[in-house]
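What follows is a pair of complexes built around chain A, which joins chain B in one and chain C in the other.
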Partner chain A sequence: MTGYIVRRTLWIIPVLWAIATLTFFLMHAVEGGPFASEKPVPPRIEEALNAKYNLDKSLGEQYVLYFWDLLHLDLGTSFNANQITVRELLAQGLPISIQLGVVAFIYAVVVGGALGVIAALNQNRAGDYLGVFFATIGTAMPNFIMASFLVIIFSVKLGWFAVLGWGGPEWALDDPTTWARNFNPFAWDYTRVVLPVVALGTLAASYIARITRASMLEVLQQDYVRTARAKGLQERHVIARHTLKNAMVPILTVLGPIFVALVTGSFIVERIFAIPGIGRHFVTAIFTRDYGVIMGVTLFYALLVAVANLLIDISYAVVDPRIRYH
Partner chain B sequence: MRKTKWWMLFSILTVFALTFAVACGDDDDDDDTDGGNPTATSDDGDNGDNGDTQAGGEITVQITEPEGLDPHFSDFSVDITVIQMTNRGLYDLLPGGELRPAMADGMPEVSDDGLTYTVKIKEGLQWSDGETLDANDFVFGIQRTCDPTIAGHYQYILTNIAGCDDYYGGEGSVDDVGVAATDNNTFVITLHTAQATFPSLLALWPTYPAPDEGLASVDADWPAPPDSPCSGPFCPTEWVAGDHITLVKNENYSLGEAKLDKITLRIIDDLSVALNAYDAGELDMIRVSTTDLPQVRDRDDYQNIALPITIGLEPLMTDPLLKDLNVRLALSRATDRELLNEVVGEGANIPTTNWVPAEEPGANEAGAFDDVVGFDAEAAKKLLADAGYPNGEGFPGLTMLLTDSEGNRVLGEFLQEQWKQILGIELSIDFVDGQTRQARFNSSDFQLTTGGWGHDYPDAENWLVGLYETGASINKQKCSDPEIDAALAKAKVETDNEARWEELRKAERRIVETACGMMPLYHRGNHYLINEKLVGVTPTLEDHYLPQFPEDWALAAE
Partner chain C sequence: MAEAIAANERVTIADMSPRRHRGLWSNAFRRLARNRLALISMGILLAMIVLAILGNYVDWVQRYEPSAQDYSVRRAGPSAEHWFGTDSLGRDNWSRVLQGTWISLRVGLGVQAVVVVIGVLIGGTAALGGRWLDNLMMRLTDLAYAFPDLLFIILLSATFQGRQGMPIIGDPLFQMILAISFVAWVTIARLVRGQMLALSEQDFVTAARATGLPEWRIVFQHMLPNALGPLIVAIVFGIPLAIFAEAVLGFIGIGMPPPTASLGVLVSNGYDEIRTNIWLIVFPAGTIAIMMLCFTFLGDGLRDALDPRARE
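Moving on to the complex of A and B:
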């Protein structure tokens, strides 16, 4: 098992290198540069700017320079006039995107899982329809529509929640003493948490509900469940030990991608609630040709996907003893 | 089976209930707005000083994210908006173009040859940190704009200051820039040539002061908040990227104390989001997008501030098809600007054929070119026939370069439809992202695109000089016409306003009537919702993100 984890971890490096290389050449292949503006700067100044950011060198040289800096964990500087480094940019936005993603993930798992289980145990009865209804609405409604609905009904009309911003406590990734704040329930401003989380997490919750329901239904029909019941085992033991645990494998498979999608995929929700996370950089950096930011954010997302997949693979072994790693 | 139906019914009812909740809610809200404030009028902006205001108070207004707050670098309207809240210069530019002394003690003294400007600086001025603000800081400010390392995007506007271009271009030295402090309160500027509009430039951000004690050197970076040098009514104390910028009242500002204690600039990219937040009471002033205009334009808190900005079609003059004057005029005359404004602009713009807005000093009167380039379907058909394409037969096809946006999609479809109907020609549209459009425009790699101009200072000169002369740096449409060149060359050096404006009118007439890289379509305005409790917000004629002079803003007494 340890050998497997080490091997898989080492594999992340070439994967990241391949993604970085591809992104590097793709983004430079796109027309337009970071310094194009309505009132063009004189050629001499533009040359100076290009020289400052190594953009005057050949693509090959830029590539080598970028990877040299990357090896030293230097992600470069954003091209905007603030001269902020890409690391600072990530350090500002990530804590917020992570909070939003993690809370939405918890919401999706709890609500989706619960509805899925209830639906499966009440097949073709009220509980089932409730779950299926939720799953259908959640899947059918894109999150920008749902977010707008939620804001107009619950913020503008009813005034229960705030429209703008995120209510999580401030914390920093590189300062472990601040991590505990996330677990203090009184540090959260829930009026700025509920709507973004519901808007972001409902699609995932619906998906989890459907997978859980289908998986549970399948397991419930297995011979060993019937046997367990025939032996007179208490129903809650049948469900918890024999059904739920065995139904977990397909659910776990989707949780990894869902987790990553929630932490990274909050661009629209961040925009609708004006939350200063990392999602907007992912999109605006491409429009402004902010090469350093494009690379930094892409690499970070790639790392996140790789690590999440690794964790999910490891967790299979925990829930399904038949799976062994070599 | 009975249960299935029951649940289906429940589902349908739920959806209906939600829909009604939203629809009915809207109505209630409108009634409240109409009924609740029957006496409120839209001239709120003008009655700021009527005495019924509270002392202090805080407001939150919407803005988009600035790139930076360096007055000697920036050229983005949102950057400039914030810079004018946090920094001030020698003069304020009032609507209509009048100059009001700010840090200057009176109007500048000009030498007989028009080359030397002497400006007295008010005594006892201070930066927010208590440091002295005197003539030396103004010298330092202009030196920064001309500095090649700062690479100020607005340096071109100071090109007439002796030595500025050379220094910026890397040839001269900072000591040769024609600015000096002969004593602590006397600021002297030397020009290359006399320029009648030069005083207006002393109201613009590239001439704002820089703290000569606060910055290590002339090419040092402008510090970010909370350390940004602050000479204006409000100082930036915090900037959380993507979230907000906090401005607090500058206690050391001596040019008329700000009334509010604090302004929070909330960064919101999406104006529909801002509208929701405004309606939920979280914001006091927002910009309104054209898309949202129909639902807010009848409200009492809506304000439309017309701006001297002109948007038009820009043909590339070296294109084999578009270098034919008849083709260009046919396109211009086949475009119904009134209808365009209704369909694309929600009726919020001012349709025009003028390039320089008529209210600018030195402009031609409104509609002066309608007979030549205005909408006339029959004339357009005839022009296209004269060009050799009767009813569009044999027309080689035309491609328009547009930035991909909701508004541009409607605009593109509108032109496609109208030119198809009237001229029988096919227009194809190349939608690209902003940077690609800019790169192609700057390298003159397009046939037809849209573009425009908003003035830096109110004078026809700013709309023409540097834009339409042969080889001018921003003349990417490659307009090249001896008559225009001659008129602009004369206007540049003429110091008598009437004679100068005459030349500028001539140049504008020639540009518009020959569609030399520009076919004007409309003048644009900014749309705001302003909380009726916020008073003293005067319309601005500058293309800023927010109205100017936040020191006059105040909350109405309870």
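Moving on to the complex of A and C:
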């Protein structure tokens, strides 16, 4: 087991290297450079800029220089006028992306789980159809389409929620005194939270609802549930203690991938609602050929995915002793 | 005794008669035909495909040129002249939605065509090419799995763009198909590998080997047809994902070059005018939603029909 964890952890390094290399050459293959905009800068200034950011060197040299800096955890500078480093950019956006991801995750688990349980307990009745309907719509509706409809109905027509922005309280990763603000329910501006969270989390919620329903239905047919009922246990005890607990296992195994998908998939929602998280920077960076930001965001996401997948695989091994690794 | 033999014979004859002997495919077809939701979805999809083709190539269905601007009817709602309304440049939304639908459908099907070739080749090689090749191929799919999907599709599309002059990859539609295929092949490759590994242990494959059939004939005649069911299901489920990816690209502005209207571009344009003219976004967004719903229902139906063991 220990050997497996060590090997899997070390395997992350070549994966990240491969992703970084591919991204590096791909983004340099994109036509145009960071300073070739509609208003071209004077040639002498462009030369000076290129020299400053090593863009006048050959691609091979740039590659070596970038990875040398990367080894020292230096992600470079954004080409934007603000001149902030990519590290700062990620540090600014990350708290917001974390808030969005975590709240969407909670929404997905609570709503998806509840609908799944209700559907299973009312198999082939109204509650079931409600759950299945929700799950189908959620699976088939792309998040930006759902966001559009939500905005039309709840912002434009009803005026309940804001069209743009994010309402989470400000906090900083490097300042633990600000962390408590996240848990203060009055610090949140819910008119700027509900729509992005629903748009982002509904796909995950419907997935959880499907799995919960299927898992509950299977457990409800087990002999020990019949035994529990036969010995006269109250139905709510049968559900809470015997069914739910055992139905949890397949649900738990999908929570990891779902969390990863929510955090890395947020960039469309961030773009639609103009939420200043890290995902939004990626799209902007591609348009402006902001090489450092493209690399930084891609590497960050790739690291997140790799670590999450590792944790998921390890947790499988812990939960299910039948799985053996070699 | 004679009666018993006769009864026995009757049973055998009845067994061999065509009515009793339904193959996998006719069985699957009957199961699919019983699934009303899947059938309706298939009908809607066929209608959309026909409409999309007619709307791109037949004038009286298309009614207006998708890029023709008419400043006298800007930002109009649905009317007898403009069924889906017009945009801020007075372009007819109906013809633009039809154009976008045809693009989405071609991307959805085109990606699957590319992905099946890559996936079957890589998955098959991994399963049948020995341990060393298997390790190599699986590491490759592991790697592709670790990429954040959409980010990579976006980056690839941006790379392909601006290479209009080049042969083959100069076509913007094909660029999009390639970019999406690049991340989508992994699912098929894993599926094919798993199927092939499981099948190569089965008795009928051992029997085929024992008769001295060459390996390629075993693969193509005995194994591939048996892996076809799950493969078809995966392909149908892959179509809405590709349509979604194409729409995202259009939405964030790395899709088909203007004035071509893909559905994602239309949604994005409509989003900018969501306060003044909601019809502009309702029709393209609704079209995407209907397409994705129908393909998902069809996929569900096909999975139940073709792969009864995989039912949840």
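One rule holds in what follows: the second predicted complex is superposed on the first by the 271 of 326 C-alpha atoms of A that agree within 3 Å, B and C clash if a C-alpha of one lies under 4 Å from a C-alpha of the other, contacts with A are read in each partner's own complex, and residues count from 1 in each chain.
FYI, a residue touches a chain if its C-beta (ideal position, glycine included) is under 8 Å from a C-beta of that chain, and two chains touch if they have at least 3 such contacts.
The shown structure was predicted, so the numbers you read here are calculated from the model rather than taken from an experiment.
For the composite obtained by overlaying on chain A, chain B and chain C cannot both be accommodated without a clash.
Contacts of A:32 after superposition: both chain B and chain C are touched.
Of the two partner chains, neither chain B nor chain C is touched by A:72. In the superposition on chain A, A:231 contacts neither chain B nor chain C.
By the document's definition of touching, both partners, chain B and chain C, reach A:152. Residue contacts after overlaying the shared chain place A:305 against chain C, while chain B stays out of touching range.
In the overlay built on the shared chain, the residue A:165 is in contact with chain B alone; chain C does not reach it. Of the two partner chains, chain B is the only one touched by A:49; chain C is not. In the superposed model, A:271 lies in contact with both chain B and chain C. In the superposition on chain A, contact of A:133 is made with chain B only, not with chain C. Once both structures are placed on chain A, chain A residues 30-32, 148-149, 151-152, 156, 163, 271-272, 287 are touched by chain B and, in the other complex, by chain C.
Within the complex formed with chain B, the residues of chain A that make contact are 30-34, 36-42, 44-45, 48-49, 80-84, 89, 92-93, 124-126, 129-130, 133, 148-149, 151-153, 155-157, 159, 162-165, 271-274, 276-277, 280, 287-289.
Interface of chain B with chain A (complex): residues 3-4, 7, 10-11, 18, 21-22, 25, 29, 67-68, 70, 73-75, 79, 148-149, 151, 153-154, 156, 168-170, 221, 224, 240-243, 266-270, 272-273, 276-277, 279-280, 282-283, 432-440, 442, 473-474.
Contact residues of chain A toward chain C in the complex are 15, 18-19, 23, 26-27, 29-32, 136-137, 139-142, 144-145, 148-149, 151-152, 156, 163, 210, 214, 264-265, 267-268, 271-272, 282-283, 286-287, 294, 297-298, 301-302, 305-306, 309. Contacts from chain C toward chain A in the complex involve residues 142-143, 146-148, 150-151, 154-156, 158-159, 161-163, 240, 244, 247-248, 251-254, 267, 270-271, 274-275, 278, 281-282, 285, 288-289, 292-293, 295-297, 312.
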